[in-house]
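Multiple structures follow.
Look for subunit A in each of the two complexes below; its partner is subunit B in the first and subunit C in the second.
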Partner chain A sequence: MVMSSVGGTRAGTMSPVDRAAHLNRWRHRSLTEKAVLALGMLALAIALPPFPAAPMVAVAMMTAALAGARVPVMVWLACAAGPLGFLLVGALSVIVRIGPGGLGLAPDGLMLAACLMARSMAGVTCLLFLALTTPTTDLIAGMRRLGLPVEIADIALLMYRFVFLLGDTALAMDAAQGARLGHRDSRRRLRSLGILIANLLPRAFERARRMEIGLAARGWNGEMRVLSRRTAISVPGLALVLAAEAAVAVIGVLAS
Partner chain B sequence: MTLLHARGLTYVYPGGIHALSGLDLRIRAGRRLAILGPNGAGKTTLLLHLNGTLRPSSGEVLLGGETAGYSRAALSAWRRRVGLVLQDADDQLFAASVAEDVSFGPLNLGLDEDEAARRVDEALTALRIADLADRPTHMLSFGQKKRVAIAGAVAMRSELLLLDEPTAGLDHHGTKHLLAVLERLEASGTTLVFTTHDVDLAYAFADDVALFDGGAVLAQGAAAEILADEALLKAARLAVPLVLRIGLKARAAGLLRDGEALPRGKADALDLVERLLGEIRPG
Partner chain C sequence: MHIMEGYLPAEHAAGWFALSAPFVVAGVIRLKRIVAERPHAKMTLAAAGAFTMVLSALKMPSVTGSCSHPTGTGLGAVVFGPSVMAVLGTIVLLFQALLLAHGGLTTLGANVFSMAIVGPWVSWCIWRVAGKLGASIAVSVFLAAALGDVATYVTTSVQLALAYPDPASGFIGAVLKFGGIFAITQIPLAIAEGLLTVVAMNALSGRAGKADEVGILSGEVK
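Let's look at the complex of A and B:
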């Protein structure tokens, strides 16, 4: 855990992904537009032959995230680095094979690896776009509208809220342990971590109990109903999304 | 008019410790009441009895003269009339954005969406946080969270608002801002009750004080009277507020003019000291 992030601010554990999702330029575009763009492009990348459709999707989705929604490039790169590294390792194992003469190139290996990379990259750009432009709570609200049971949506929402609260608590406890030399060597660090985790559970229960009191004081009767501000779907926006997808589909089929 | 009357409340924690023992407390409409007690006196436990969260082992709470019940319907009516703001705002905020969170209470009251939206706007404006409406609740500072939690209670327009240590952890500016907001709220007809261990705050801000320690209200009355009683305060491990002490000393020395009131806030005390200094060294 990074000590420097402990600071005075209570937003200590807010992840860069969350920050981007809340602060990007397309934050208030309707969920429908963003979901149709990301999931539609994802479907195209999977369904069409990988060349040239997959690179087109990747370029389109990167442009949408970085130029359209103005997600910070560094955040985007940091998020993409994980899956990309994983992909590279996967692709390498497709290129290489162990034959009778030892390590060699697999037949069609390069082509296969290229297809795999292109398709997966395209998929990653689609999901990153959605994750970095749409807050989790919007996604939960969207799934609720699509028929996710209210109870599950409420639990998901509370879990999301508790992740931050408990994360802050954990950070503070970690800093306090460090201040009392709890991280001096690896043995002690492990022990401290064990204590921290063991202490987090009763704290979580205590907090849940207090939240129940807090919500009951506001007339809670078992349902978490709030007024959500739903942005109207912009018809030109949705038309543009569908046009882009149609273009990718046509070129993707004709030029393959 | 008595809004709420706690009569003979006794509450024993599991484990046998008496949190309340035969407590009596009267909350009058339009009188700002400070429940003043040292750390660990059980102020929060008391507040939780006043909105029906905890049920006393004996004694009763009367709302507008009638004994309050603990059925689902009775509790719901109780919370409609009596709002509560917890000390840690994080215990009250759960929704994705500030506006959504504030709308929770009004919707629980059964209001339609238009009326709920109006209440939200009104509460956010009253707390001067309309610009935070779309912020996610975990992206707020401590003071902002506090204001959002209060807005959530304000939007329910209860006649009585209980606040647990409302200024705890707030800086000078935050405290001033919050007290100004509460004053405006009071002007719109809400009776305020707050807990504190801060005698200076109680003296500067409350009309009445209920001195609370050892599970009972030791004395309840006008702030200037209760807070001038050194022996009484000492029994509750508290001391006479500095501003009041200055005023009392000035009066005892015959330095106050005829009919001049005792200073209430720090600014009053400073004015008094400056005037007296001016009299010593004219020009």
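Let's look at the complex of A and C:
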């Protein structure tokens, strides 16, 4: 517990994405603008032929995230690097074919792989923009307004809170196990992790129970009411977003 | 195993959303009923979901020496039941996309189908069948967790193969291709997760004080 208060760096270990989502310059822009930009561009990236739409989407969304919202470049790069392994394996499987004579290069395989990579990377830039500029709680509140059942929204919001608490507990347990040679070899590591998980689950339920008691003491009747700050939509902002999307759509269709 | 954002063509992404929807909706209806009877179950359910999410972010040593992450679906399915896991798993996958940039939004439907529906249901069925056949708890837990992972990985391979069939040998060839490449990481992971789940369940059964709280979620206690 002492460790978690040192330096404040550990707070970010669970998710640097969440930290960026709360600290970027567009944090208080309206959810509608950000969601229309990210999801609209995502839809264009998936639906249009990848060239030239995908590179255009990627450039637009990188500009929005890095120059517009000023998300730290290193955080952005670290997140974008994650799916690369999957993408390389995926592209490799498309290039290669299994014919009667064994493995060989597929006709058009390189072209298909290039299309695949362009579209996937464009998709990733859209996802990263949304994840790095918009806190998850805002998105859940938005989905609630669009008709997500209130029970599910409540559970998701509570989960969001518990994830960071439990993540900190898990990290502390892991550090304690490491300090007691619990990570010496992979056999011991697996055992340590099993014990960690078994200790984490009762603690998770214990936390839930404590929250229950705390709420019951305040006369809770099953409803969660939280204040959220809503920013008014900026009309020029939304117009710019829609114009950019229309431009990508038109050029993407005409130039493909 | 998460399919990354943008990897599936639009029709496939939409198709997997449509296929997953009934399971998730059924789970939501069940959850609503649980919460209506016991408003406090909200906290327990959220704790269960957060636990699954944290579990999937932990590093697990794999048999080949590399590190990977447990999926937690086997443990979740055995402890909480598969219909609840469909909903919790969906929220976990959404959070993984938004908090860890892992997986994606357009591929959420496909990922939900393989990881929050097929995996938990297979784990749960195996856990039930193995128990009925008289296998020891350790063996049933191992099989449930390991084969749940294998089922998830086979489903993902099928999803990828349907989207990108092999030009020469078609769908079957593509399943072998994707399955063969991912087997290198996924089979050791399944074995490691099976062992891990056995250790965790053993340690958990020593402290079964909250058993009925968990039982309510899986619908085994009224």
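Keep this in mind: the second predicted complex is superposed on the first by the 236 of 256 C-alpha atoms of A that agree within 3 Å, B and C clash if a C-alpha of one lies under 4 Å from a C-alpha of the other, contacts with A are read in each partner's own complex, and residues count from 1 in each chain.
To be clear about the criterion, a contact is a pair of C-beta atoms (placed from the backbone, for glycine too) under 8 Å apart; a residue touches a chain by one contact, two chains touch by 3 or more.
What you are looking at is a predicted structure, and each value in this text was computed from that prediction instead of being measured.
Undergrad: If subunit A is used to align the two complexes, do subunit B and subunit C fit next to each other or clash?
TA: After superposition on subunit A, subunit B vs subunit C: fit, no clash.
Undergrad: Thinking of the overlay built on chain A, is A:R218 touched by subunit B (first), by subunit C (second), by both, or by neither?
TA: First partner only, subunit B.
Undergrad: With both complexes superposed on chain A, which partner does A:V226 reach: first (subunit B), second (subunit C), both or neither?
TA: In the superposed model, A:V226 contacts subunit B only, not subunit C.
Undergrad: Please work out whether A:T137 is in contact with subunit B alone, subunit C alone, both, or neither, and reply first, second, both or neither.
TA: After superposing on A, A:T137 lies in contact with subunit B but is clear of subunit C.
Undergrad: Where does A:H22 make contact in the superposed view: on subunit B (first), on subunit C (second), on both, or on neither?
TA: first
Undergrad: With the two structures laid over each other on chain A, which partner does A:L31 touch: subunit B (first), subunit C (second), both, or neither?
TA: Neither partner.
Undergrad: Between subunit B (first) and subunit C (second), which, if any, makes contact with A:A204: first, second, both or neither?
TA: Only subunit C; A:A204 stays clear of subunit B.
Undergrad: Looking at the overlay, what does A:M61 touch: subunit B (first), subunit C (second), both, or neither?
TA: Neither subunit B nor subunit C is touched by A:M61.
Undergrad: Taking the superposition on A as described, I'd like to know which of subunit B and subunit C A:G90 touches: first, second, both or neither.
TA: After superposition on chain A, A:G90 lies in contact with subunit C alone.
Undergrad: Is A:V248 in contact with subunit B, with subunit C, with both, or with neither (first, second, both, neither)?
TA: A:V248: touches no partner chain.
Undergrad: Mind checking the angle subunit B, subunit A, subunit C on Cα centres after superposing, to the nearest 10 degrees?
TA: It works out to roughly 90 degrees.
Undergrad: Comparing subunit C with subunit B, which touches more residues belonging to subunit A?
TA: C
Undergrad: Of all C-alpha distances between subunit B and subunit C after superposition, which is the least, in Å?
TA: Shortest inter-chain C-alpha distance (subunit B to subunit C): 10 Å.
Undergrad: In the superposed arrangement, what residues of subunit A touch both subunit B and subunit C?
TA: Dual-contact residues (subunit A): 14, 18, 158, 161, 165, 207, 211, 220-221.
Undergrad: Which residues of subunit A touch subunit B once you look at their complex with the stated criterion?
TA: 9-11, 14, 18-19, 22, 28, 135, 137-138, 141, 157-158, 161, 164-165, 207, 210-211, 213-221, 224-229
Undergrad: Which bits of subunit A are touching subunit C when the two form their complex?
TA: So the residues of subunit A in touch with subunit C come to 14-15, 17-18, 39, 42, 45-47, 79-80, 82-83, 86-87, 89-90, 92-94, 96-100, 104, 106-109, 112, 116, 119-124, 126-128, 130-131, 136, 139, 149, 151-152, 154-156, 158-163, 165-167, 170, 174, 186, 189-191, 193-202, 204-205, 207-209, 211-212, 220-222.
Undergrad: What part of subunit B is in contact with subunit A in the complex they form?
TA: Per the stated touch rule, the residues are 48, 51, 53, 75-76, 79-80, 83-84, 86, 88, 90-97, 99-101, 103-105, 107-109, 113, 116-117, 120, 134, 136-142, 145, 152-153, 156.
Undergrad: Considering the complex alone, what residue numbers of subunit C touch subunit A?
TA: 2-7, 9-10, 13, 28, 31-32, 35, 39-40, 42-51, 53-55, 57-58, 60-61, 65, 70, 75, 79, 87, 91, 94-95, 97-102, 104-106, 160, 164, 166-169, 173-174, 176-178, 181-182, 192, 195-204, 207, 209-210, 213-214
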